[in-house]
Amino acid sequence: MQVLLKGATLIDPVSGHDGAMDLHIADGVIQQLGPNLSVSRAQVFDLRGKVVAPGFIDMHVHLREPGFEHKETIRTGVEAAAAGGFTAVCCMPNTNPAIDDESVIRFIQSKAGIALNGLVDVYPVGAVTVGRKGEQLAPLAELAAAGAVAFSDDGEPVQSAEMVRRALEYSGMFGRPLIQHAQDLPLTKGGVMHEGFTATELGLPGMPGIAEEVMVARDVRIVEFTGGRYHVAHISTAGTLELVRAAKARHLHVSCEVSPHHFTLTDEAVRTYDTNTKMNPPLRTRDDVEALKEGLRDGSIEVIATDHAPHSFDEKQVEFSSAPFGIVGLETAFGLAVTELVRKNVLSLYQLIQKFSTNPRAILGLPAIRVSEGEKANLTMFDPAAEWVVDPSEFKTMSKNTPFGGYKLTGRALGVINNGQILWTE
Amino acid sequence: MRRLKAQIMDTVGVDRTLTRLAHEILERNKGAESIVIVGIRTRGEFLAERIARKIEETERVELKIGFLDITLYRDDLLGKLEQPQLKSTEILFNINGKNVILIDDVLYTGRTIRAALDALIDFGRPRTIQLAVLVDRGHRQLPIRADYVGKNIPTTADESIRVHVREADGEDAVLLMNPEEPDPCPPDHTV
Amino acid sequence: MPLQSRHLLGLDGMPRQDLQLILDTAVSFREVLERPIKKVPPLQGKTIANMFFENSTRTRLSFELAERRLSADVLGFQSTGSSVSKGETLKDTARNIEAMKVDMVVMRHFASGAPHYLSTVIEGHVINAGDGSHEHPTQALLDMYTIREKLGRLEDLHVCIVGDIAHSRVARSNIYGLRTMGARVSVCGPATMIPREIERMGVEVHHHLDDVLPHVDVLNVLRIQLERDAGRLFPSIREYHAMYGITRARLEKAGRAVTIMHPGPINRDVELSSDVADGEHSVILQQVLNGVAVRMAVLYLLSSK
């Protein structure tokens, strides 16, 4: 397979390159970089006005398989990821069985190898504790050796400070981060949305921002004591961001991610009782949204990750309080990020690519993608100016639970190249 | 809009007619002892008050008078795009065994009276219900007739009768109106 | 002048003229309830389904009586929702309602927003008979009717709602309705029972009853969920009664003839002492009677839209 990408702007934060560059790729390897390349017998793609970037990774995805194949399978999840411009995803361990055993990792890897011929790298996140029950450490060494890139009990926050301490100490030996879904459960008992004025008016039980903050505050103190790497999943409040900033100021290995819905929507969106506005952590206030954008701008938030959480149509077709938490995100993440962040001058495209590719790979200890001659081609192509309307019925993901149906977005992935495969979305 | 065809009664005519009705009612019921007066809202209530006053003046008695809003008993309610505004019904006395004089301004299809009869019967079991109207214009759709008629006015179905009373309209009059004409002017000029 | 909405989901956002229309129409129905035959025919041929996903004898009976007095055909359904998967129940119920061609659905549900969901999936009119901790519009309407009947107006009256505001749909609907009608509204209860940022709904917040009592015209006393909340939202029934219980002595100290309301059922001598509940300023039984008239008005006004 010979491919010539012509006329695109290449933005590569690793080399610092940001300018026009043609790419010649053969057999999955970058053969030649340079202006005005011409290669005989190569398939030529005209990418004038478009951008080529190192492949995006979504480090927070629920692929649901094994156990919940009516919501998503590894195949459909991978197809959704590729359609959204991702060449890699990290899949969370809240499967059934949980990813607390080497065999589950092997299973996921084998499925991922078949889907789209292995175009998308699927990196499992191992459970911190057996069965994600918070009681007994999972075999972290075995999981790491099998390919777990991080550890998390996502969705079941590790409540016990003692367990967080042990997990940090133990995972630290493998240089793998502990990803914490920070939520003090007693503070959010029965809660279904952000606790504040909107919840008061709607009569819905609240989940206060402090539930996230007290856990991050506690965990940061533990990190300071134990060392290790700590990553806060989907931060949602200004208070959490302050805590992360303070931890960074003390040079701790603390990082964090934000999900597109948390920098796009506020709890006001819940007013319709649309169950697609129900997620955990919940949509917060305008002040929180503005703070999170500032955190992205100043670099305190290194990563944009979707928390892609598919649920079947029927599961969401219920009263708000009975509906499961979560929305799909793989196919809207890039569009929302360009629309909310780049178009509103929060981030440059260059910074956006760092949040989607360079930074998460560094946090996870994955090798950096170098866009240079002789390197494997792992690339995301996108059109930063494309305007489109979100139509959930066109999603590749099996579930359509999104509050963004009908949204007009700017910026769309055009295709991905990875592991010798190329896929164009249109 | 409709144009005036003829004025049937003026203030004096209305008053004279009501006086006659009052006397007929007294004559038929052999005095005022057994009767109670019920006016159908809106115009009927004013006519009822006046007839009651005339009877009271003649007989030197105090009559019981009530007012009936028949909205809830209308047979065209379910077809309406919006519910008509309810007015209050005030029948603060027992009608059992009484001769109820039901009073309305115009008797036409009979449907209002049918509704009023249903409503009245929910208040008890009167000995008789007698109907007095200022105008009977014909075109009945139900087997209903008035016991006391101020004036029979033959009309065509597309004409209309307007009764004005001092209390609501500032003057007493009975007017015969021509059929509805297609509006010659744009809506600005209509009331 | 019809109502603006074809459903009654709540009083949030209901314009003043609609509130006025319902209250005025209820006056006519209140008169019907005084007649020897307390039944009128305007809803003949209409079918109304009462769907109660939560126990509520009082509200259900009140609606049923209102429906029957308007000559509607009534069918009822009651489920505590514990035996079946909750989500499936509502969805399947909605489909069944559709299939039965009912004209109106009166729904009580334990989940806030459930009637809103129902109104998006069925053709008929939906009347919210209480959803979770969100709204209970007919209760607030009957409260407003009762205040107006007793004191002649709503404007500039000071109504204080006492108790567990956070979990109260009665409180929310009253706040919306009373504020729209120009009343001054305050809430009073322990801080654990006052939801966050409720001031933004236009109410004053008090924690000490004796501070506010000398200034109020009406006390709307909410029922305390003894089993659920004692020890968690307040230390004990004894302490709750000491701080928020309405007693004759307390009212006398305030030196004001305060009208007493309660949505029922009363925990006697917890939130309300018997001598006050049965005293001359109590309008609790009028509330019950007015509830039927107000519900008749709502059903009547919505039935043609």
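We call the chains A, B and C, going by the order they appear; numbering starts again at 1 in every chain.
The criterion applied here is as follows: contacts are C-beta pairs under 8 Å (C-beta built on N, C-alpha and C of every residue); 3 or more make two chains touch, one makes a residue touch a chain.
What you see is a predicted model, and the numbers here were worked out from it, not measured in a lab.
Novice: Steps needed, at minimum, to get from chain A to chain B via touching chains?
Specialist: Between chain A and chain B, the shortest chain-hopping route counts 2.
Novice: Which chain lies at the heart of the structure, taking centres as C-alpha averages?
Specialist: Of the chains present, the most centrally placed is C.
Novice: Centroid of chain A to centroid of chain B, CA atoms only: how many Å?
Specialist: Comparing mean C-alpha positions, chain B is 77 Å from chain A.
Novice: Just curious, how far off is chain C from chain B if you go by their C-alpha centres, in Å?
Specialist: The computed centroid separation for chain B versus chain C comes out at 40 Å.
Novice: State, to the nearest whole Å, the distance from the C-alpha centre of chain A to the C-alpha centre of chain C.
Specialist: Chain centroid spacing, chain A to chain C, equals 45 Å.
Novice: Which residues of chain B touch chain C in the complex?
Specialist: 69, 71-74, 77-78, 80-83, 85-91, 118-119, 121-124
Novice: Spell out the part of chain C that touches chain B in their complex, as residue ranges.
Specialist: Those in contact with chain B are residues 1-2, 21, 24-25, 27-29, 31-32, 35-37, 39-42, 44-46, 300-301, 303-305.
Novice: Which bits of chain C are touching chain A when the two form their complex?
Specialist: Where chain C meets chain A, its residues are 12, 86-88, 90-91, 109, 111-114, 116-117, 131-135, 166, 169, 172, 195-198, 200-201.
Novice: Looking at the complex, which residues from chain A come into contact with chain C?
Specialist: Residue positions touching the partner: 195-197, 199-206, 208, 272-273, 314-315, 317-323.
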